[in-house]
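These notes open a run of structures that come right after.
One chain, chain A, appears in both complexes that follow, with chain B as partner in the first and chain C in the second.
Moving on, here comes the complex of A and B:
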């Protein structure tokens, strides 16, 4: 079953044609990786799935993006509601200047939940889900800034997951982390597989091959190839893909 | 990055090619040794066998290093996997040439019966093996999958000659009881050449796997 469907998507930053006629289906509860050189459009494409590009002046979308069969760019769609369903984690961890507990509880409170016991339960569940609970359970009221970079990134994942989104977008979530923190993030992605649809942008090809079910290769605004990750990394069908993943690009 | 990865791959390919030439020469010399029961040539083959083993260890180690250091994918991964397997196949073929040389060294017979040699078609068998070995070396050098596939059918001829050799040698032994130990040993030469054909078939499949990413192995499931 398809969770996200992109249909003939073109995207412009002013006159710049950033995405060219992209159609793809992202299956439900699978992990899909976007790879490609800098400036190829993979992050731009990712940000269309929760309408982050709406904030970019002069940007324009053609085509349709459907989540659960509904066009997320239809006029009646509430962007806040959409982002409850489609969480996002960025390259650099961006915790709020609040306590660890309040960071995770934030989304629930914004959504009008006041039941203290329920919030406590969800915070614990989200922190356990992000493999952070054992490290922070004794200091939930400490500032989120007191955590290490890797812990902050897992806190951001917990914060995103606290409101139970069905899609999680990850834009190079481990590129600023050390190998141990990176391994923890990858393990988290693996644990979340089957429960949530994950789309991850990464420059780390080994990471894409380790964590994803399907991989899409982008180049100069086009999606060159999209297939099972095993196929992309063992026998890609397009020469450009092969050149990129074997480091012969340029 | 591109240049040094390429240079590592070129180096592995060069080593496999050098080992290949050595194994080809070993097999060619074993032909010479067995036809003339030439113990001097047999001795040389046995000495050179150590070089074949040394190549095998070097290529194994280089491929292991390449996988550990460069995390190859796609065509590069297929290439190093194919080289690893071809390396093992060439080493086995080298062992067979060495085994044939040991038969020549150990047999009591001083010269071959020309009629027996003719009936057994051993010259044809060596000629097919050497032709397969040479063609496959070219196929890898030229990255020509069609050339590699073309040798596959020749293996059948080796199987047939090997099959018929048993009864010819049994008849010969019956008529020449003194030659029984020789016939038993000589039968082993045919089995070695037949097994060489199997390894050459594997090599052809590995070359096609590397170039075209097709797996030919075990495709003939009905057999």
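Moving on, here comes the complex of A and C:
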């Protein structure tokens, strides 16, 4: 069952042709990794799924992206409604300058939820889901900035998951973290597999091979190869993929 | 050669830094010594005495009582703790009403004795005369004089620096005027300033912002006397009509002019703070399904709150220290204002208006320096607030 379908997507930043004719299906509740050298367009492609690129002036999309069979770029689509369905975790931890509790509750509050008991329940669930509850349950009112970088990133994951999205986009979520925090994030991704569709951009190929079901290799704005992770890392069909995963360029 | 050049550059830099600091310290020191000099001045005008009948039990009068006596607001000695008898005042100018030219002498050489005789013969008489004129003894006594006290000045409700025999230097009316005008100015400027800042940083397109920002910054460059002129010609008559006031010059006019003047500072600083709100925070909020407006008031404004606060405090600083525009539109009545629609007078306006007519070195002159000291402390505290807020901001963003 396909969660996200990209159909012949071309994307431009002004005159720059950033993504070239990409078509890809992302299966529901699986983990898909995007790999490729810097500037290959993988983050740009990821940010099309929650229309984050709308914020870039002069950008333009051709083709269609469907989530649950509906074109998310159709004119009647409410972007804020779409983003409740498609959560995102960024490269650097970016908690709000608010308390830990308020960070997680933010998504619920902007959705107009006022039921205090429900919010408390969801915050606890989300923090437990992000394996952060035991570390912060005593200090929910402390500033999120008092947490370590790894904790902040898990807080951001909890924040994204609190609104129960069906898709979670992760843009190099561990690239700014130490190895132990990275391992915790990867563990989280494994825990969430099967419950939510995860698309993760990463520079770390071991990470891609550890956490993902399918992997796509991007190069110079094109999707070179997309297959089961096992196939990509053991028996890629394209020479460019082979060269990249063996570290001959990149 | 190169070494010598570097050495001399270093020397010049050190010297200029040192000289500047010394000059600033000298100015502050000058301000403080001149201001403190007021407390070394006698209550009664220098060189003069107040003479009363020897039988009169009153031997001490405060500056306010002296003024009330000579303004004929107090007409009976029993109000001053004396016997029940009417107060009669005598000033040197009144001499011709009491004495003939012969009695006074052509050079006023007999005036002292004549006045002493007058005071000695009338138990209710109080005379304000030069100390050198009064002969010793002869049935009169002098009201005890002491120096002006800080309590009288800082707690005094009346500002009459040119009153005779005893000038009044109560700073409360001026302080109240300054606070009222600044407070209302900020009340007006704040909502407008924040709205303009939000509009410029979040709503306006780059092109609109490119036009608007220089215009608002241009407002900072307009001389304050021009604002004052504008206030006098436009705002003052308008207020007079709208509120049906006898005079349009009022605290409100001053606050409106100051609000316009403080606006560019508030807008510029607040807008910078909002634009500096990290892009990642906005993205985080938008990615959670927040709308643009939710993002602005739940993330952008709270996270740039300290920047906005420094803008506001800087705006207050400008309002407190502003002289010319306020002088022109507030009506300059040195009374504690009952409402913002009444004329009032601020500290800087007082200094500017009165320094020219105060004799150098006199009590009035020194009192103006004391006002300068008070103003210095107010702006000093405001600057400390800015420092505190921005240092807290830095700590938070670390």
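To be clear about the criterion, the second predicted complex is superposed on the first by the 249 of 250 C-alpha atoms of A that agree within 3 Å, B and C clash if a C-alpha of one lies under 4 Å from a C-alpha of the other, contacts with A are read in each partner's own complex, and residues count from 1 in each chain.
By definition in this document, a residue touches a chain if its C-beta (ideal position, glycine included) is under 8 Å from a C-beta of that chain, and two chains touch if they have at least 3 such contacts.
Just so it is clear, the structure is predicted and the values come from calculations on it, not from any experiment.
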{"item": "Contacts of A:92 with chain B and chain C, given as first, second, both or neither", "value": "second"}
{"item": "Which of chain B and chain C A:55 touches, first, second, both or neither", "value": "second"}
{"item": "Partner chain in contact with A:23 - chain B first, chain C second, else both or neither", "value": "neither"}
{"item": "Residue contacts with chain A in the superposition, chain B compared against chain C", "value": "C"}
{"item": "Chain B versus chain C as contact partner of A:141, first or second or both or neither", "value": "neither"}
{"item": "Touching partner for A:205 - first (chain B), second (chain C), both, neither", "value": "first"}
{"item": "Touching partner for A:233 - first (chain B), second (chain C), both, neither", "value": "first"}
{"item": "Partner chain in contact with A:242 - chain B first, chain C second, else both or neither", "value": "first"}
{"item": "Parts of chain B lying in touch with chain A, wherever the complex brings them together", "value": "1-2, 5, 71-78, 213"}
{"item": "In the complex, chain A residues that touch chain B", "value": "205-206, 209, 233-236, 242, 245-248, 250"}
{"item": "Complex interface listing, chain C residues touching chain A", "value": "278, 280-281, 283-291, 294, 298-299, 302-303, 396"}
{"item": "Touching residues (chain side chain A, partner chain C) in the complex", "value": "50, 52, 55, 80-84, 87-88, 90, 92, 94-98, 106-107, 109-111, 145, 156, 159-160, 163"}
